[in-house]
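Next, two complexes with chain A in common: one pairs it with chain B, the other with chain C.
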Partner chain A sequence: MTDWQWFFIDILQAFAAGVLVGGTYGLMCVGLGIIFGVMRVVNFAHGDFMMLGMYAAYYLVTGFGVLAFLGPYAAPIAGALLAGPIVFAIGWLMHRFLIANVTGARVISAEAEGHYAQIILTLGIALVLANGGLILFGSLPVSVQTPLSRESWEIGEVLLNKARTVGFVLAVALALLLYMFLTRTSLGKALRAAADNPIAAAYVGVDVDRAHRLAFGLGVGITAVAGGLIASSQSFQPYIGFDFVIVMYAGVVLGGMGSILGAFWGGLTIGLVQQMSTLVLPYQLQNTAIFVVFLLIIFFRPQGMFGRVWERT
Partner chain B sequence: MMQGARSTLKKHYAAIAAFAVVYLLIALLVTNSYYQLIMTLVLVWATMGLSWNILSGYSGLISFGHAAFFGLGGYTMTIAFVKWGVTPWLGIPLGMIVGVLAAIIIGIPTFRLRGHYFALSMLAYPLALLYVFEWLGYQEETLPMMREAPARYMQFGDQRVYTALALVMLIAAMVISLHVERSRFGRSLLAIKQNQPAAEAAGVNVLKCKMLAIMLSAAVAAAAGGLYAVVLLVVTPPTMFGVLTSAQALIFTLFGGVGVYWGPVIGAGILVPLAETLHAELGHIVPGIQGVVYGAAIIAIVLLAPDGIYWRIHDYLAARRAPESAHAPARAVASTTAAAEPQDRRPAGAPLLELDDVVRTFGGLRAVDGVSLKIKEGEIHGIIGPNGAGKTTLFNVINGFLPADAGSIRFAGSELLGLKPHEVCARGIGRTFQVVRAFPRMSVLENVTIGAYLGASSDAEAMALAYAALERVGLAGARANAIAGALTTNELRRMELARALAPRPRLILLDETLAGLGHEELEGILDVIRQVNREGVTVAIIEHTMHAMVKLADHFSVLDHGKLIASGPPGEVIKNPAVIEAYLGKKWMDRAQHPVS
Partner chain C sequence: MVLVRILCVFAMAWVTLLAPGPSFAQSEVKVGLIAPMSGPWARQGDLMVKGANLAIDDINKAGGIKALGGAKLKLIVFDAGDTVEKAKNAAQRMVAQEPDLIGATGAWLSSFTLGVTEVTERAELPVLTLSYSDQITARGFKYVFQTSPTGGAQSISTLPALMKMAEAATGKKPATVAIISDNTAAPMSFAKPMREGGIEKLGMKLVVNEIFTPPLSDATPLIQKVRSSRPDLFLLLPTAISDDKLCLEKLHEFGLGRGRVPVISNGAHIGAPDLLKNLGKDLLEGVMTVVANWGAKGQEDIIKEFVAKTGEPWITQDSISTYGDMMIFKEALEKAGAADRRKVAEAIRTMDTTTGPAHYFPGNRIKFDENGRRVGADVVIVQWQNGVPLTVYPPTSAVAQPIWPKR
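So, the complex of A and B:
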């Protein structure tokens, strides 16, 4: 084959990898998007909840091997899915005892003052989780062991990593399920109402604090599942959350802050950007490319692809 | 009031000097080299906290990216030393220059953002730099030992020399912060923090203030980063650019006290020794203990004392001291220097503000749709119309909050479109807001002083102008020292009016100044507006209730769905069928014309 054909295959390969990775990023961003959409809270600890999801999957599958009986193919999938309820419970408790103090109906109409406390509180939670993770889990990078991550399907010359492909399919399926939950069930509709206009939702009888607790648990739980899915194709350590916070915010901002569907497309786009950037940039600068894209988005289109302009005079 | 300032400034210097002497004495007594290191690190991190405080504490824009400046300071010094043998004595100032340049490059685009967006994008800068420095191959840079001339290269056998150096750096940062706090610049930053649109409309050049703040802040952070690298002898991207580095700056400040120069010193003084000692004792068992301590500290402070320890103690002491005495009002200064001389009212006639075919759309909505009108010098011009008619949008376009899509606005002959709010204010147009935009934590006098800076060349003159404006609206005397957050609606409306009047504008734009007032309060404000107008200020006032306006205005312009539907003397306008229809609807219009028998 000629150089040009190889180059073309490289592009296709990067594109395929981008879509596959992007699917899980999209699911992650949906989790963050729910929290931002419903609560208007910038959750800095979101990446660290994802990290908890990764370790939950790791200990269930590889560490303690509780799920080993499912075999090397099904166990990582079950582990990732189980990470969801575990982190949901942690998030629910965090909201109940910490975050509810600085969010909710009484501060939602307050201007900058309220956000100040929220950002700082979630930063504190992030530090405790990341460093607590260092104490509990150690600093050595680990990953969920599965033959899936070493095997690929071949389509023409393009290789599709099995772990990533399975992750993509599950992520899309979960995102669709979530979409149905939000549009079909009354609970989901109440959540969307609270996201659309928290004050009006409170007036028509949506229990804002309860909606927030649910949204927070759901948001971190979904992201934890996405983390669990990534855990089998990437090694991680307790500090990984801070890198992913930017990845996720890039996706959410790109999709339009407040738009839950938009968050999925935003995350997918960020995955593409990250993988395509390897064609022109050295591997170490992958994340730098995301940061640059993130900055470009907020400078030129802060309302994102699906969002609307919030600020009014 | 200003004379008192000099003596309190001396008190501040005395307190800083006392702190420095005590700290140095303690440092001299410490012989354990590990404790010596901690004593130095406390000072470095206190300086870093002060740097964060200069930008984020005063202006309220939360930065999660101060590690960018810290890291650039440290790496500039290190690379200059390692590659070209430049001594840190020069390397640290060089790092400060690099830091300031980075601040300019970061500040210009990033200050377009506010709130969440600002905080998030600041987080991205140091993380991006972290990967860039790793990619460039600076994973671990060690300073070479210079045994022949150690002092020339800032290498001392006695650790305590570093403590002294760090102390000098901290004192400099404290003095800078002290002067920022007490200057017009600092007060402008506080005004931006409390209500940015109000600050803009009162003539504060918001971008310039923020840029100065980030440049100053970056210089201090870079110095701290440079000295940190000198003390530790090694730099790595995670220690210089990592999230924890940015977070520490913020945590020490918030823990100790935000917006006050003692805050970061208290915060670093408590948390650094605590975390370092735990790390030394338990670090081998529990490696992330420092981060956990910092995280827990910041969670506790947000929930228990959101403004930090300094303010907790301050409020407690203030409550114990009780209502000692209100400050003596600056009445004497005010009446002598700058009582605005009432100019003779010029005959209404020459147009002062001319709008020509002004258009402003939001998506498909034409909020202001081809409005042309003239406001004549000396008149009271009422702009009326039902809710959603585009009145406030029109004001926002005039004073520069919103760009127009088409048309022109000339004020005293020169074009206003394209100017920023503070520039419009400087041309002589003041404004008030539909929802009062006060600086809630400042006193009434301070609120108005922010507005007066534009018309004044010194703090004393601004204060005098402010006091004169307060007299005009009837808020002078004891109420001048009340905190704005505690005022009634009536007083807030008057205070906002005074803030708009303080720089002695030619035209004031009043946005529903009469809303929410009782009958007597209404009459009071109407008298003030008439008096101000008699003294030569042209008034444009928005209202949607008609009856108070009929008594007040010389001229009516009526907006409906963004269009000017009528303009003329009040008596004629209120009989205009189009106006009645806009207010009452078509059904009523028909009924008025064809009464049901």
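So, the complex of A and C:
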């Protein structure tokens, strides 16, 4: 094969990697986007909820082997999907007993609508989850063992990693399901009402606190599924959340704060930029490239790709 | 009034009893260990602590420091965390909170050691380190002692050794080399002489030369470059297990694993038991790593004791070197005859021995040059064979024959 042919394959391979990695980023961003969109809470602990999802998948598949009977191909997928409800329950309880105290109707009259308290609280939760994880799970890097992460489907000379491809398909499916839930069901409409105008929503009978609780649980649960999917490809330890939380924020802002669809595209764009920038820039500048593109988009479209004009970043 | 006098007498007696006096022999001597105990490198810190604790147990059981009346060694551990800033803060806490430390070992990652030793140098605290970066002992510091060969020295002695192994196995010299490293201090130091003409001087061509910032999110574009260039030697130089996993799995996925492209790494993390848990033995078979120390021929007793007491499957560089560091401190304390950090540093500076602590380092000699680099420090090459990383070079330390991957 000639150098030009290899160069062409390099481009296709980087594009494929960008799309596949970006799909999972997109799902993470959707989780964060729901929480911000509905509750207007900047959740600094979001990466750590993702870490909980990774450990949930790990213990279900490899650690305790509860799902081992499904075999090495299906068990990691089932583990990732089950991580969602587990972390949803944790998120629900955390909202009920902690986050509800600094959000919603209780803090409407508070200074900056309670945002200072929210930032401190979510940062505190992030620290407790990461350090608690260190005590509970230990510092050893672990991963969900599966042949999916080392096998690929071939399309000509382009290889698609099986774990990443399955992750991408599930991410797109979940994002679509969530979109349909928000737009087609009465519960979803209640969530959107609580997001758009909590006072008016309360007047028409929407339980805003309950809607917030559902949004928080859904947000962290969806991100936990994304974490569970990544746990097959990447080894992790309790501090991994920090590596992803910046990507998630960039994705949400890039897509447009408050837009669920935008959050997915934001994550996908980040994945693409991260992987494709290596074709022209030194690999070390991979993450710098993300923020250059991020700044350019924010410069030309302050509301993000899909954000509403009055919701500027 | 009588009652007041009696109370005064009791108080004076109490103060006299509490006051330290020359009649009290020193009961313990504190040694510091500063290494990552949290974050992505926490496992390496844990292995260092295990090696240090074992050595301290052995020293104390054998009667402690005889020159100090049998004083026991006590290990004080400080968490260097996951950033250079945290490591430096930990070093500041270490010198401020423990003024009677006689020395320390650390801080595993070269970047951390560079930061930590800026603090310990000002405090005149001797630090023994297994970190590789040349910079650690190129700054004119007087209280840093590097037991490992520097990254640059490793690089210079590694390539000829690898070429000999390749030639012996395949009958021809490797012609092309790929280097992929992260941008932390140790791999940069290791790869620098190769990147700056060392490869060409040996008659080979550098076909891939990439540097990344850890941790990786995906290794596809990186390994794709190896796939399109098919080098005869692939120097894969990350420092985190998550990056090891991504790169080695991607090699396998692209059909380059299990010996199709010979993979040589640098550092002990490639031989860590955790990597086996994350990757499985098939993907690691034949992978080599260049390290500064490893369980070797003649150390069977200590390896057996380590395995029995810690439950680890084998002893890695982090544990054996830290074990050896404690033995160096013991030797220095015996020589200095005082639990004084400056005297201990002077004793290390003038130490020249082929016995005692020398037994735990390749080259079997403890002598440091004027920069603080250990004289005669040589590289060790370890290779994964059937799920166990075994020393295959140098021949004096080797416990197995090297297997050169066939293409």
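Descriptive notes on the structure:
Here is the rule we go by: the second predicted complex is superposed on the first by the 280 of 313 C-alpha atoms of A that agree within 3 Å, B and C clash if a C-alpha of one lies under 4 Å from a C-alpha of the other, contacts with A are read in each partner's own complex, and residues count from 1 in each chain.
The rule is short, and it goes like this: a contact is a pair of C-beta atoms (placed from the backbone, for glycine too) under 8 Å apart; a residue touches a chain by one contact, two chains touch by 3 or more.
Since the model is a prediction, treat every value here as computed from it, not as a measurement.
In the superposed pair of complexes, A:Phe294 makes contact with chain B only, with no contact to chain C. Contact with chain C, but none with chain B, is seen for A:Ala17 once the two complexes are overlaid on the shared chain. Of the two partner chains placed by superposition, only chain C is touched by A:Ser152; chain B is not. By the document's definition of touching, of the two partners only chain B reaches A:Val245; chain C does not. With both structures placed on the common chain, the touch criterion links A:Leu134 to chain B and to chain C. By the touch criterion stated above, A:Leu121 is placed in contact with chain B alone, chain C being left untouched.
By the touch criterion defined above, A:Val280 lies against neither chain B nor chain C after alignment on the C-alpha atoms of chain A.
Shared contact residues on chain A (touching chain B in one structure, chain C in the other): 131, 134, 139, 243, 282, 284, 287. Chain A makes touch with chain C in their complex at residues 6, 9-10, 13-14, 16-17, 20-21, 131, 134, 139-143, 145, 149-152, 159, 161, 164, 233-237, 239, 243, 274-275, 278-279, 282-284, 286-287.
The touching residues of chain A, counted against chain B in their complex, run 42, 44, 98, 101-102, 112, 115-117, 119-121, 123-135, 138-139, 238, 242-243, 245-246, 249, 253, 257, 282, 284-285, 287-288, 291-292, 294-295, 298-299, 302, 311, 313. The touching residues of chain C, counted against chain A in their complex, run 37-40, 42-43, 45-46, 82, 183, 210-213, 215, 217-218, 220-222, 224-225, 228, 240-242, 245-246, 249-250, 252-254, 274, 277-278, 280, 283.
Those residues of chain B whose C-beta lies close enough to touch chain A in the complex are 60, 62, 64, 109, 112-117, 119-121, 123-125, 127-128, 131-132, 134-135, 193, 197, 243-244, 247, 250-251, 254, 286-292, 294-299, 302-303, 306, 392, 396, 401-402.
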